[in-house]
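Below, subunit A partners subunit B and then partners subunit C, in two separate complexes.
And then the complex of A and B:
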């Protein structure tokens, strides 16, 4: 139960207490500053990392936790490592392997910027309850349809994971075990069945919503307003990053 | 005062399957009525007409005197509280509080009045302490009770429950019965759990092949084994209800 809530670490730090819309805007602005930084200014990326370190310390999010969450980035890292190998242009030799210089720069660029962005998002997710994150998005005028879709995903994730588990148990209790590629079609059919079940559940949920007067808009039940001071606190991260960028340019 | 009046209601699904062939029924205010019938008798189809989710092919439905029509849908949906069979379908908001508030908030209730309705509804089903919890962290029985609260908060004229006892363990089943008996509201309970109907409802209707096949005191209907058998209904093993007066 509650598998998807593992990202959130309950706490009562300055960062936790900030309204979600402030944090969303801060992370977004920070990401833009990072992306706008020329890749040759390596020291600037170092300073950005230090800034995130300060936020993590304030939020009391331990480093091992962040590193564990960074695993999600691995596929991109693998891709980034491929670029210098297959890249064109001037070449250099590192540990006996011939690598493309522009490729190395491109890989560094992707790796540094993506990592900073992912860490910022991890910090956001670790300090904000998923539900309030959505309220923040709603507050920022993110299209209500998108917010509703995300809300239902949060609500029904467990239900669907549970259904998936039951289907796996049903397969295995009849002697099936996915061991090699030839078993993929069986698993794929289960995925199809799961999709249809979820679709049907969606229809039933919609009926339940209509029965209680749903007209396309979710009623706003909680007003989450942010004070000017809270906006200022949240702006500290992107402002500091922007100052670094100012020097780097 | 009639809470619900259905007359000559007929309905065929878009694919041509005829589900209801002229249903007539009247439920007076304050009555608790069981709608019995085997699977496929058209029970769910009938329920979907009561708050205008399906539009009758023929015939009429009226709730507390208001006919169910496109232009009355809003009022009708406030007056008919539908509790679906799977509470996971009914509880779609992130917390119990938001879920119970959903109905009344759609009707424009806000602020303190909304808070009062939410707390009152949860109090009536004994779930007030779960107000800030996400629904998927509750047990099945608790979820069903919260599902009842979500429609109670709309202060309906009639409460319609689809298979309320399904998937409940014996204790949860008894607790729900106690809650339902304590509510001061007209109740229509769709079920094939015959002992549950006997426990909660004075009167029962049997829906079979899209028509009302019997209407009378629950005890009398359930004592008539022949009638039950004709409509694919039977008491569970070991149960017997003596014919009244016997």
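And then the complex of A and C:
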């Protein structure tokens, strides 16, 4: 729980004002550059972090906000810490624990790249309104139907999650707590009820849309074209990262 | 467990991205057949449901808890095409708006948690409901479908990791550990999926896609004793998704291995440094030495192997036992 809060922070900075499709491409290109960097070039990852720090400062996203969101990484961080212990290859002893050297490199590789990727995604989500981010994806030739499904999901996600939360409150106020496997049927029956409510809501939404003239296409009210200048501004991040990569190689 | 950036090599990321895109494209067309112009609102609401249900924690064993993947559940409730779409949209939204799962790993995530779970879940479900009919069989089939879909996804993860993972781990032990743990999670997923499907079946049987065509025909009995039997409902399309998805997985493997081969004709970064530092000889010596040591197997290898064998054994036992029970119930029904 708690991970379903949206990351968007309204604001009016250079980063906020960029068209969403530019930001999407920039973050994606940045992630590719990071993934392509050899893991032995530790300083390059430091520079990438500095680049992200500059973007965060420009977008006025405070550091604690980003750090709190990094919690999402925890399961894979645990896995990364396991790799040196079970990894193959040459072993070294750190504080009395025998660790695999290639395993340590692999753990560092995953930690560094995953963290940079997550921070870049957090910055994207924090500075772009969810709906326009999807419209930006549509401009990048993501299929319209997929974008529409994602928009409906985004719109009704909070409604459905709230419905589930109310059912949980109702269960817990009657003294129920899922402690062992025998309690699964109770939880599952709530899930079944939730499915029926979601599906029936979908049918109602569809009828409401039909009665308002839905033809299978949603009208796009905002024209979201990006100027060459905006593309250039957005390209600054991946370009700087690519320059670092060029030196690192 | 969403795979973040940097976990797989670029070759694997790209090839799974291609497969995921192709799979989603096929499902976009298939879902239009399943839902007509209702696709956008219905799939959107079901995706929101999957998103919510993934936040349901359920107790697994001894204080640990897992959460639902939902692929098999989606396939049974709304059909395989719509199921893949819903899973893909959930993963897309999680990556874009919650920074959960790397952008470059989106293809891996959609392939593993969308395509594999839905394909395996639906295939198992169809296989069981073909031999056994009735609501009991649906429950058993849902349990098996969800139970097997989770370890299948974990094993697909291991295969990808073997092709293009960035960590030096013995694949057999990873497969054993992943398989063993995910069989446990799969049992939880199976239980919750079976009861959820059963609940929906009790209230709105018309909403369960996998139950279409399995319901008995409508029988009208008039006051004066006339009996009219209605048409049996049309069966659920089993669809052409199975061969396509299997083909897709094959293509992933081929693509990933071919691209990895070319990528690795350059010395890998660590080897490069190792050569420069002059310790590559020592490293290989040590590697062989540790392979030869029986002690290594005793300390690390054997327990993991045991876990794996026990896990696979449990799965096979439960699966065959339930399939047998379902078949007997089916013959008792008729």
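Everything below uses one rule, namely that the second predicted complex is superposed on the first by the 231 of 249 C-alpha atoms of A that agree within 3 Å, B and C clash if a C-alpha of one lies under 4 Å from a C-alpha of the other, contacts with A are read in each partner's own complex, and residues count from 1 in each chain.
One rule holds for everything that comes next: a contact is a pair of C-beta atoms (placed from the backbone, for glycine too) under 8 Å apart; a residue touches a chain by one contact, two chains touch by 3 or more.
Just so you know, these numbers come straight off a predicted model, no measurement behind them.
Touch criterion met: A:88 reaches subunit C, while subunit B stays clear of it. In the superposition on chain A, A:205 makes contact with both subunit B and subunit C. When the shared chain is aligned, subunit B comes close enough to touch A:131, but subunit C does not.
By the touch criterion defined above, A:97 reaches neither subunit B nor subunit C.
When the shared chain is aligned, subunit B comes close enough to touch A:219, but subunit C does not. By the touch criterion defined above, A:151 lies against subunit B and subunit C together after alignment on the C-alpha atoms of chain A. Contacts of A:192 after superposition: subunit C is touched, whereas subunit B is not reached. Legend: residue contacts after superposition of the two complexes on their common chain; A:159 is shown touching both subunit B and subunit C.
Once the two complexes are overlaid on chain A, the subunit A residues touched by subunit B in the first and by subunit C in the second are 1, 134, 151-152, 154-156, 159, 201, 205, 209, 214, 218. Partner subunit A is touched in their complex by these residues of subunit B: 48, 51, 53, 74, 77-78, 80, 82, 84, 86, 88-90, 92-95, 97-98, 101-103, 105-107, 114, 134-137, 150-151, 154. Partner subunit A is touched in their complex by these residues of subunit C: 1, 3-7, 10, 13, 24-25, 28, 31-32, 37-49, 51-53, 55-61, 68, 77, 85-86, 88-90, 92-93, 95-100, 102-104, 166-170, 173, 188, 191-200, 203-204, 207, 269-270, 272-273, 279, 282-283, 286-287, 290, 300.
Those residues of subunit A that touch subunit C in the shared complex are 1, 3-4, 6-8, 27-28, 31-32, 34-36, 38-40, 69, 72-73, 75-76, 83, 86-91, 100-103, 105-107, 109-110, 112-114, 116-118, 120-122, 124-125, 130, 133-134, 137, 143, 145-146, 148-157, 159-161, 163-164, 178-181, 183-185, 187-196, 198-199, 201-203, 205-206, 209, 214, 216, 218. Those residues of subunit A whose C-beta lies close enough to touch subunit B in the complex are 1-2, 131, 134, 151-152, 154-156, 158-159, 201, 204-205, 207-215, 218-219, 221.
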